[in-house]
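In this document, chain identifiers A, B, C, D and E correspond to the written order of the chains, with residue numbering beginning at 1 in each.
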Amino acid sequence: MSNAQNAAEKVDERIKERSRFREAMIRPELGGIVGTIIVFTMFALFAFDSGMFSSKGVLNWSQVSAQFMIIAVGACLLMIAGEFDLSVGSMIGFAGMLIAIFSVTLGWPVWMAIVVTFVICTALGAVNGYIVIRTGLPSFIVTLAFLFILRGFTIYFPQTIERKTIIGGVKDVAEGDWLAAVFGGKILTGLFSWFGEIGLIETFARGSREGQPVVDGIPMLVVWAIALIIFGHILLTKTKFGNWIFASGGDAEAARNSGVPVNRVKILMFMFTAFCATVFAACQVMEFGSAGADRGLLKEFEAIIAVVIGGALLTGGYGSVIGAALGALIFGVVQQGLFFAGVESSLFRVFLGLILLAAVILNTYIRRMITGER
Amino acid sequence: MSNAQNAAEKVDERIKERSRFREAMIRPELGGIVGTIIVFTMFALFAFDSGMFSSKGVLNWSQVSAQFMIIAVGACLLMIAGEFDLSVGSMIGFAGMLIAIFSVTLGWPVWMAIVVTFVICTALGAVNGYIVIRTGLPSFIVTLAFLFILRGFTIYFPQTIERKTIIGGVKDVAEGDWLAAVFGGKILTGLFSWFGEIGLIETFARGSREGQPVVDGIPMLVVWAIALIIFGHILLTKTKFGNWIFASGGDAEAARNSGVPVNRVKILMFMFTAFCATVFAACQVMEFGSAGADRGLLKEFEAIIAVVIGGALLTGGYGSVIGAALGALIFGVVQQGLFFAGVESSLFRVFLGLILLAAVILNTYIRRMITGER
Amino acid sequence: MTEDSKFHHGDPVANKPIIEMKNIEKHFGSVIALAGVSVDVYPGECHCLLGDNGAGKSTFIKTMSGVHKPTAGEIYFEGQPMSFEDPRDAISAGIATVHQHLAMIPLMSVSRNFFMGNEPVKKFAGISFFDHDHANQVTMEEMRKMGINLRGPDQAVGTLSGGERQTVAIARAVHFGAKVLILDEPTSALGVRQTANVLATIDKVRKQGIGVVFITHNVRHAMAVGDRFTVLNRGKTLGTAKRGEIEHEELQDLMAGGQELVQLEGSLGGTV
Amino acid sequence: MTEDSKFHHGDPVANKPIIEMKNIEKHFGSVIALAGVSVDVYPGECHCLLGDNGAGKSTFIKTMSGVHKPTAGEIYFEGQPMSFEDPRDAISAGIATVHQHLAMIPLMSVSRNFFMGNEPVKKFAGISFFDHDHANQVTMEEMRKMGINLRGPDQAVGTLSGGERQTVAIARAVHFGAKVLILDEPTSALGVRQTANVLATIDKVRKQGIGVVFITHNVRHAMAVGDRFTVLNRGKTLGTAKRGEIEHEELQDLMAGGQELVQLEGSLGGTV
Amino acid sequence: ATTASAEGEKYILVSHAPDSDSWWNTIKNGIALAGEQMGVEVEYRNPPTGDLADMARIIEQAAASGPNGIITTLSDYDVLSGPIMAAVDSGVDVIIMNSGTPEQAREVGALMYVGQPEYDAGYAAGLRAKGDGVGSFLCVNHYISSPSSTERCQGFADGLGVDLGNQMIDSGQDPSEIKNKVQAYLSANPNTDAVLTLGPTSADPTLLALDAEGLAGEIYFGTFDLGEDIVKGIKAGTINWGIDQQPFLQAYLPVVVLTNYHRYGVLPGNNINSGPGFVTADGLEKVEMFAGEYR
């Protein structure tokens, strides 16, 4: 009998203890952090003198990564809440088209066009969410339907209204509009021109902008990305609502029984995803001055890939915004870096696939360590 | 006490009985059947005199539907087995390119090119399956990686080998090859020219083929579609293996414990899906005589849509091959019918989305009636 | 309370019931899960709900905890008519439930689970933040009180054993100052020691003046801690009895619908 | 079989055991789930496996039914050394298992579930087809024998109650001529009547000369049908006792690790 | 850009085409050959999905990697003018090829323009078809979301003097779908006089469609951009003409021009129109030999 009694006291004798250091290391973002380090090391070794790490080069991949980050934040929170959205790419095209049609074709003030577009698109996100909640269908199917519906309208509207698939001229009408500047402008221009003066940044060698710094400010796109990441991270880890997001994705039924308003959480997350897509679209339209029917193609996959590389669980309940942002950074840096390194561009997809597989296997391993899942 | 005792005898007193007729009606295919009837009725009303129901018109949408059916059968069985494959579209492009490279560039006999391609592609399907089984990752992620990897190679190979992305001339080398005819030929040509002679089928009124019947045979594409549907249907409903497919998708753990070789079933289904994609590619290459790097784009979604319209459950364990075939038929008929009816073609996507939503809601309702799920 | 019931109604333990459910009905499509069930719970009592599989026990307590809305019938909470729109309402009114299928999220940490739906907040620059420090501290303390030593408050619930999870769920319910604690078959998957633990907890909670609703199939467990016993059968109540007014065998008989069991007892020696 | 065990070894009921498990060990990464467990099962006996949550009961029977491969140890089946690669091997050797988490697929029909992994075939033009008629007929008959009237053999298992599903699982195991039937906590979620039913079934099966391994937390259930009792504790066996050689209380004490329970018994009146 | 440098200049060509667009092969082959012949380093870059916003980033990035010159298409002035101007301003010489107009090229500060304005090409084709008695047509647009494809159809319609209306179909890129959609359209609209396709992707299946409809050689068939099957079609008489914009030159010439400019400071005084040239059954030999590779 003595055996049994002794055993009963030491409750955890059958499980090894983990060291403090290992505890601190093992977090959802770990995969993303490791990936980022690897990627930067690789490019520093193989493409250092290609201009990738010049001020212009850095701005270049930061902008591309910022784009991915904006949609990844939305997709990340939605995925943690247990759903996902295949209509992100179509939503980007649709939102951009709406802004252009409202402002150029209908001649509305640009701020109004943007505001109305935000309202329409987040409402569409809510519709997505509402259908998922009410019918209990997988969000894969519902948002796949919206992928087609929205893309169809994005082609149909400009075609019937303007007989083209690109609507341009937004830049002209946006001149001086306060809200347009929030999406298309740049900040810290003063600082950068000072950098240019003191020679910290190269300047243009000729042309109308001779003497100005090649990088003349931080684009609002990057500002939006950082703002959304901070917002998402705080929302997820530091607030009550963040706990609800985890709970809704972890087990909707259990969360509902514990008093979490799961339906509200999910619909809000669909709306937030649509909001992020619209931010993406607005930045793009304001920067480039036109909206095209093919904008945003395949962006839904890119968002999901960034999120998954960043360690989130496709089935919900687990993940981190920082991780997703790192995933987007890896994605952007690899995409642009391969160009800098001069790799045959069709191989980019092959790399992407391999990185995705490797990242996800690493993340699974890390997650199992964290959660004790088997 | 008497209440309690009486109650104990009539076991089902709390559930209403269902009528025989309702029992017979409610089957997984019901949604597909209803959808097919609706679609045909609509087009018969609105596009009857557009040539859609002439012999030529029928061949037209049958061919398009047959294409969808070929990939839908594979996707359907795989989905019932609880997995799905986003790499179908890329696999189509990849397989076609392999056939063209082997036969045209490397000058192999066409039958050998086809056979080797089938071997390579089904092996890749097995790799997909093996990774899913071994890592326990969701098939969404694994096959998404393959979507990119295969497409990357499909562009990279012809580009580096032949300096082009379309490799043509397969028709010339395929002349007289027995296996090429199995994919690219037509059957019953004698019968159809007799039909033409006796006036059962219109004949060409002008041009090089004056006097020949407008439909001169059943393309092998259609034959393959029918053969695969019959094979899939029998496999699923009439064999032991079919029961294993349902079991693997319904609950892999339970099936494993009951002695079902779940891993083998899943890997075989991944291979079968790849096989179907290769059949699709082979038919296409033999019909058009060329392979292009952009072939099969988005086909994975189209296959999934057809299967889901046909009543299968995205999460596995439920569905029917006949349903998937009807889903593919609906898909094909709607796509072509809109052209016959003269609807603005960019709206096709909108219709597709709406049909998907409607079908899936109807199917959910039917399924709940069948399984007593809540 | 059907006319032909053998039971007497249990006398109130305190003066006024916390919650009264009157003639509750619940239909799911063509299935009638509850066909008029009345139960009341007094502070400080343990009210056991017994009954066969599918009798409607879980459905009944789900109407009590706001998961389902009753198709018909009335709910009075502390004398006031009440209608719970969703579990949040019931929880904030003071009804805590530990559901049969555990209300824990395996991937989340113990402390996040503990406070799920009841997150403590602290204001910072006018914005409410989840007060993690407070949450962690409380969780560790409460779990220690229940005799469970966590590796840390951020240990995932998925790493706990079934019995430990059950304990977390109960500790959570008790912590949030519930006036009524509902436990749906908390002991069915537990070992002897864990069961004893849960029963002791029920006893402790009851003594704090909380009304406990305890669902079980095990007559012995019910007899161990119950003050009153209500037997459900096929969506109806067969009546409520007070402790001491009813024998073990009688209760068992009622639960099983009598007849069939008698047949079996011969060979099994009445030890079920 | 630790030295300090109170138990005597149970005497064989028949002359030779069907299955002998010797010093089975099973490790999952850093977790040692089984640290050398030996158990044998004779034809026509009901061998009860008892033990606390996490004692390793499910893990043990999973090594017996081919789900896990033991890390160390030997298995003899009818005297021959055996090594099961997967559940199929065990099933075809004659070991049928009803797992704790049900091995039924809710979306599939009862008859497809009944024959899952054991599909009857008929040849037609040289190809084997699933013999649906046979399957349906057998299913209806077997379920009728168990006292369950199905709406039809194609009724989905999802529409059955928990007790009914358990019965299907047992009927299936028995039907396929198992020599050993393993039941992992078949009664834990069942009502009194359903439990009585399952126990009666065990009794019936045993009388047909099949060896039954019955896992439960409920000492009473074990005492009702068991011929021998093996108690597991923290991955080790505390020994095996024959019916009549051990008292209810003693068994209970062993399962719970003794000590703690004593503390609680005062307030709960020893009725656990 | 004014100093004569040694061999080893680096030029980057940026296109707007998605990876899989086969027509751009000729371009790739063109720059590769020019690079070889001139002894300079050349690179081809494109947005994988054909997203023009991605293309803008690629131009920025190309500029950041410090090449001597960039050769790029200008398929959307709004999107691309910014990055191109920034590149020009930072000292990279730019030549506009393929799409855009000479005026736009001048506005962004490019050295010159080599190519074929799309609308004008479509318009010229329309005029020619009108002269051949065409009154209605079907434009098979396999790349509906690209503005330049739509411009071709629009130009053709304007050249004919008819309204585009529903005569342009979104055919998608799958050959069987293209084939069957063309057949469906022709069955539903049997009075269609002409078919216009926008490249090999839509022309090849359309050939088969016409064959199946028994209309090959009957219906008036014009196409943009050559390819193997198109050349065969022209030879067989099923295709009346192909508009060749000579992509090879669009890629080859800018490299040559830039290299010479950078080495010796010489620069042609005007833009180069590489097209439109109508390829008909006369004089097809060379075209036939190199179709899809250099033609």
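Following the convention adopted for this analysis, a residue touches a chain if its C-beta (ideal position, glycine included) is under 8 Å from a C-beta of that chain, and two chains touch if they have at least 3 such contacts.
These numbers were taken from a predicted model, which means no experiment stands behind them.
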Sort out for me whether B-D or B-E is joined by the greater number of C-beta contact pairs. B-E
Outermost chain relative to chain B, judged by CA means, is C
Going by average Cα coordinates, which chain is farthest removed from chain A? D
Distance between chain centroids, defined by C-alpha means - chain B, chain D (Å): 43
Cα centroid separation between chain D and chain E, in whole Å? 73
Chain A to chain D, mean C-alpha position gap in Å, rounds to 51
In angstrom, rounded to a whole number, how far apart do the mean CA points of chain A and chain E lie? 34
What positions in chain C touch 2 or more of the other chains? 257, 260
Would you mind listing the residues of chain A that make contact with two or more other chains? 155, 346, 348-349
Which positions in chain E are in touch with at least two other chains? 19, 144, 170
Interface residues, chain E side, partner chain A - complex: 19, 43-46, 48-53, 56-58, 60-66, 76-79, 82, 85-86, 88-91, 109, 144-147, 150-151, 154, 164, 170
Complex interface listing, chain B residues touching chain A: 131, 135-138, 140-142, 144-149, 151-153, 155-156, 159-160, 301, 304-305, 308, 314-315, 344, 346-354, 356-357, 360-361, 364
For the complex, which residues does chain A have touching chain C? 11, 23, 234, 237-240, 242-244, 246-247, 250-251, 253-261, 313, 317-318, 370-373
Okay, in this complex, where on chain C does chain D touch? 51-55, 161-163, 185, 188-197, 199-200, 203, 217-221, 223-225, 252, 255-257, 260-261, 264, 267-269, 271-272
What residues on chain B touch chain E, complex-wise? 47, 50-52, 54, 56-57, 60-61, 63-64, 67, 93, 151, 154-155, 159, 163-166, 168-169, 204-210, 212, 214, 221, 284, 287-290, 292-297, 299, 335-336, 339-342, 344-346, 348
